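Okay, here's the structure, questions in a sec.
Chains: A, B and C, in written order; residue numbering restarts at 1 for each.
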Amino acid sequence: EMAKLTQLLDNEAFRAYATYATIVLLKMMLMSLITAYFRVTRKAFVNPEDAASLGKGESAKKYLRTDQDVERVRRGHLNDLENIVPFLGIGLLYALSGPDLSTALMHFRIFAGARILHTFAYLIPLPQPSRGLSWAIGYAVTVSMAYKVLKTAWYL
Amino acid sequence: EMAKLTQLLDNEAFRAYATYATIVLLKMMLMSLITAYFRVTRKAFVNPEDAASLGKGESAKKYLRTDQDVERVRRGHLNDLENIVPFLGIGLLYALSGPDLSTALMHFRIFAGARILHTFAYLIPLPQPSRGLSWAIGYAVTVSMAYKVLKTAWYL
Amino acid sequence: EMAKLTQLLDNEAFRAYATYATIVLLKMMLMSLITAYFRVTRKAFVNPEDAASLGKGESAKKYLRTDQDVERVRRGHLNDLENIVPFLGIGLLYALSGPDLSTALMHFRIFAGARILHTFAYLIPLPQPSRGLSWAIGYAVTVSMAYKVLKTAWYL
């Protein structure tokens, strides 16, 4: 049954989904590293046990603080979760709904590009409407895939 | 192999999963729009570049504030993430575990109904235990599906 | 087609994925119950309608407050979301990419173990680097699975 199972990855639209889903998830995971980087360089921690390495008792307490750069990365990370989770679920079902390969590729490429742009727009930050627009494009692509899924699978 | 691939969507329990998963994900995505709506109408932003359109320098700073309605929608959104992510993963595996169609439909319908109720209970807000109960029903449905998945797939 | 569909769960690597994915999702869901437990015992609520059962008007307002234990559980929950969502998506694709059964089991077991350890490290809390290390191990396992997925499925 191994051959049957891996046939999913013989399908080009599914392979494209696998590739782009993995890329956007790795991009989202990168946000954890960027948060950690800013926490260490800005010396801004939230857990006492994390600040403990920088000093003892009262002297460590001053590192328990919020930092604007850290908070900005965390907002970007949460926005990724809010938008990449729908892409993961709807995109998987879309890839299984028998889309045109070229149409599927267009959806996946635009979504991934929009989310990468969104990250740069958030972290640099770029003036609006850069972030708003890149967010809206990823959102619209997900809604378009959802429409195809519902049209193909509809069973209430 | 396209025919083999799309056979997943020939299965009625899987089609029901695809339909309900897409519906709850679209409902979750709606929270982003509601948040944006309240941020704009309440003039309550968190990023300086977002408030910049409302004024320059000091006059824009007064719009960098938290608003109770915005925060309420954001809590509803996070609660969706915490509960819809388990449904997505466990529900997919459940749909692949060969459930009775009518049992599967019952699980999916109750989950989707409970999460939609939860959103109304959170945003209006309705007095407790409306929100608590709708949360608990969705939670129990997910645990019930997890039990079926573990019974069918168990391989540690 | 039911037979074809459930063939996914005939594959041992896929069954292992189903088992471990369900376990880590149930573990994540447990965080909601722990949060609720601390909110009730610490009398620390965020929604006025939740505090209403403890008193009326002004007397209920004093229970609208943040509590360090509640916040700690919530950070653990969010960290789960940030790390278990990538495992869900990448792990599913990895299980479909035809991995060695023993290699796949090793990945899933280490990930699940690391995330359970992470929860204990966060909630007790254990001194660092316990939490940092368990986080990093789960992260590395996910990156390793992502590498296999991209090598097998690559289609840009």
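Everything that follows uses one rule, which is that a contact is a pair of C-beta atoms (placed from the backbone, for glycine too) under 8 Å apart; a residue touches a chain by one contact, two chains touch by 3 or more.
No experiment lies behind these values; they were computed from the predicted model shown.
A.B. asks: Using the definition of touching given at the top, classify the network of chains in this structure as line, ring, star, complete or other.
C.D. replies: Drawn as a graph, the chains make a fully connected set, so complete.
A.B. asks: Rotating chain A so that its CA atoms sit on those of chain B: what angle is that, to a multiple of 5 degrees?
C.D. replies: Here the rotation carrying chain A onto chain B measures out at 120 degrees.
A.B. asks: Given that chain A and chain C are copies and touch, would you call their interface same or different according to whether over half of its residue numbers are shared?
C.D. replies: Both copies touch with mostly different residues.
A.B. asks: Counting in whole Å, what is the centre-to-centre distance of chain A and chain C, each centre being its mean C-alpha position?
C.D. replies: A distance of 16 Å separates the two centres.
A.B. asks: Where in chain B do residues touch at least two different other chains?
C.D. replies: Counting only residues that touch two or more other chains, chain B contributes 4, 8, 14, 78, 81, 85, 88, 92.
A.B. asks: Report the residues of chain B in contact with chain C in the complex, numbered from low to high.
C.D. replies: Residue list for chain B touching chain C: 4, 7-8, 10-11, 14, 72, 75, 78, 81-83, 85-86, 88-90, 92-93, 96-98, 125-128, 131, 135, 139, 142-143, 146, 149-150, 152-156.
A.B. asks: Give the list of chain C residues in touch with chain B in this complex.
C.D. replies: Going by the criterion above, the answer is residues 1-2, 4-6, 8-9, 12, 14-16, 18-19, 21-23, 25-26, 28-29, 31-32, 46-47, 49-50, 52-53, 77-78, 81, 84-85, 88, 92.
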